[in-house]
Amino acid sequence: MGTRHLNPEGLHRSPAFSQAVVVEQPAKTIYIGGQNGVGADGEVVGPTVGEQARQAFRNLATILESEGASLANIVHWRIAVVEGHTFDEGVAAFQEVWNRADPPPAITVHVVAGLGPGFLVEIDAVAAV
Amino acid sequence: MGTRHLNPEGLHRSPAFSQAVVVEQPAKTIYIGGQNGVGADGEVVGPTVGEQARQAFRNLATILESEGASLANIVHWRIAVVEGHTFDEGVAAFQEVWNRADPPPAITVHVVAGLGPGFLVEIDAVAAV
Amino acid sequence: MGTRHLNPEGLHRSPAFSQAVVVEQPAKTIYIGGQNGVGADGEVVGPTVGEQARQAFRNLATILESEGASLANIVHWRIAVVEGHTFDEGVAAFQEVWNRADPPPAITVHVVAGLGPGFLVEIDAVAAV
């Protein structure tokens, strides 16, 4: 299995994301459903994007660790933030959890009209091991 | 091919979704585009989330059956509901079509500002066989 | 590797999309993050959906060409358009770049409350080679 992060010439480069990620077979693929700022008790951890994003990243890490993987295995994540909020605090949370030595995943970011009750941010992901 | 549904300790558990689904190779992957409440004639089946979700689930089942698969093979689905509507009727439709003996897929739910004309709900999915 | 485009009986057919695409293993999968109307200099190319969609398609093509692939290898794309705009110009841009001899990808289209600053359209994709 090989994973390669693409940032071809002719496209803008950013340290925050890769333009695409290639996964060669055979690979194990992990489809992670939308993670929110929800703790093990099922409750929303707090009313800010920062708190919720931090918890969502923790959930992603917990899921991946249960498969012997880590955030570095994520090849694409999709972030939704509720209208009226910025993801700036989410970016700060990302910088806390992400090892800058790892090439970042491909990313999609949508500002949505809403999410489940009390949720300000939702992150789903595909990881390859 | 193996498919495993992950609900690791440290995360909230729900009967409605799995936190993630692992697909081991070799697998056949089916990428299903956004399904709406549209019948074979191309027309929207009705003005409610319930009718539309029921038809979207039927469409998903039809697509999967054409590949010898079923809803149980879905590993991740992404549901979009138009602002001002709740997915409660969609959940009821899901409960009608889903065999509770099957581990549920990973899920992402967004409330969006809009979809195609007349659509209140859209469901896309990745399935593995 | 085989890729088959599904349009099973019982579902509406459209020349614009396939209902689903099957990817048989072994395949190389390319996860392409959300592409916007952003040029190589990192700047938004213009204030219209048409200009931005055209550039986003160019970016998709550039990424795929860097892997010896093309737009025809896309199996599913997800298009987000900002509320208040229609994707009509995006469809026109698609018709310019898409070879009609190729079976079209599965598609998901959301109207979202917003995207990154200045962005009116975002397209992410999964391709299989």
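To keep things simple, chains are lettered A, B and C as they appear, and every chain counts its residues starting from 1.
Here is the rule we use: a residue touches a chain if its C-beta (ideal position, glycine included) is under 8 Å from a C-beta of that chain, and two chains touch if they have at least 3 such contacts.
Here the structure is a predicted model, which is why all the values come from computation and not from measurement.
Each step here moves to a touching chain, and the least such steps from chain A to chain C number 1.
For the self-contact between chain A and chain B, the two sides draw on mostly distinct residue numbers; the shared fraction is below half.
The rotation relating chain B to chain C, fitted on Cα atoms, amounts to 120°, rounded to the nearest 5.
Chain centres here are Cα means. That of chain A falls 21 Å from that of chain B. Looking at chain B, residues 25-27, 29, 78, 110, 112-113 sit in touch with two or more other chains. The part of chain A that touches chain C in the complex is made up of residues 6, 8-12, 14, 17-27, 29, 75-76, 78, 83, 105-113, 126, 128.
Considering their complex, residues 25-35, 38-42, 59, 62-63, 65-67, 78, 80, 110, 112-116, 122, 124 of chain C touch chain A.
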